[in-house]
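Two complexes follow with chain A in common, the first pairing it with chain B and the second with chain C.
For the complex of A and B:
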């Protein structure tokens, strides 16, 4: 009776569980500095260090010389394999 | 020892429990705002959202679907849509 269970496992999956479910799937990763990666997630860890294969990197460059006219240019780069340091990751989302 | 002393953050736990599965607003340091149904959150403030929408200047600029947001980017999380 006196024994109360401490630290009962939550039924709700942790946020990182979502990333685990993305392994071997194509994901979009939003990075700091207006960059995005789209590629197949091979591996990740708790820092969100990521290994991505067959990656397309998109860099968004905002030209706002005129204050009203804000145009966005993009530069795309392809990589066979990337190791991404977790601290630059903002968001990870599976592609539908 | 009651559960409150064992886990001083259990009050927060109650709050999170109360907003789980509801629509929340997540504001990042970058100024970006995301709305979505809160799946879960952990001690780093890592957040997973369902039906995540990215809002800029009051307009939905992107539908992410499911999304994981890394906690270090999060400024605050607001309950309610």
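For the complex of A and C:
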């Protein structure tokens, strides 16, 4: 068995550290079901449950009536304050 | 625990719950538990023409896992308090992991 170095990994930031730095910043959140949110992150937890303010939701809908002509429609919705359940979240990304 | 506490502060407020099957239900939040299951009073489906089988529902229980979004009244949310609580919780989780 290979030697395992102990004590080196303590300063490696956790992935959630990135999300912590996004608090009170505008973020893009990709969700399951071809949805995307853009809004100011007010709260999160380890499940990636989120609260976003001034949110714009974009839903992507692929119309494939004809086999070769594939067009994507988008629906946009606004919300002043939104709680998002973490099990729908795919990724969180800072905008800057 | 953060969101459990957060939703407890929203009890008696009017909220709109959007489920993973697209149905939106508007009602007064009456209770919430650690799984974010919710009980709504005076509830109604937002587009009742689309979901006629739900018109008669008044008081209902929603299983937390079927929720996609909860639309909240921004007047009921103290964002500064929420951000401070989030940072505190993140710090606590980090110390626990060490």
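In this text, the second predicted complex is superposed on the first by the 87 of 96 C-alpha atoms of A that agree within 3 Å, B and C clash if a C-alpha of one lies under 4 Å from a C-alpha of the other, contacts with A are read in each partner's own complex, and residues count from 1 in each chain.
As a convention for this text, a contact is a pair of C-beta atoms (placed from the backbone, for glycine too) under 8 Å apart; a residue touches a chain by one contact, two chains touch by 3 or more.
Predicted model only: the values in this text are computed from it and were never measured.
Contacts of A:64 after superposition on the shared chain: neither chain B nor chain C is touched. Of the two partner chains, chain C is the only one touched by A:23; chain B is not.
Shared-chain residue A:90: touches chain B; no touch with chain C. Touch criterion met: A:82 reaches chain C, while chain B stays clear of it.
With both structures placed on the common chain, the touch criterion links A:14 to chain B and to chain C. In the overlay built on the shared chain, the residue A:48 is in contact with chain B alone; chain C does not reach it. Once both structures are placed on chain A, chain A residues 10, 14, 16, 87 are touched by chain B and, in the other complex, by chain C.
Residues 2-3, 6, 20, 36, 64-65, 67-74, 77, 79, 82-83, 85-87, 89-90, 93-94, 97-98 of chain C are the ones that touch chain A when the two sit in their complex. Contact residues of chain B toward chain A in the complex are 3, 6, 20, 28, 30, 32, 34, 39-42, 46-48, 52, 64-70, 72-73.
Interface of chain A with chain C (complex): residues 10, 14, 16, 20, 23-24, 31, 33, 42-46, 49, 51, 53, 79-85, 87-88. Residue ranges of chain A in contact with chain B, taken from their complex: 4, 6, 10, 12-19, 28, 32, 48, 86-87, 89-94, 96.
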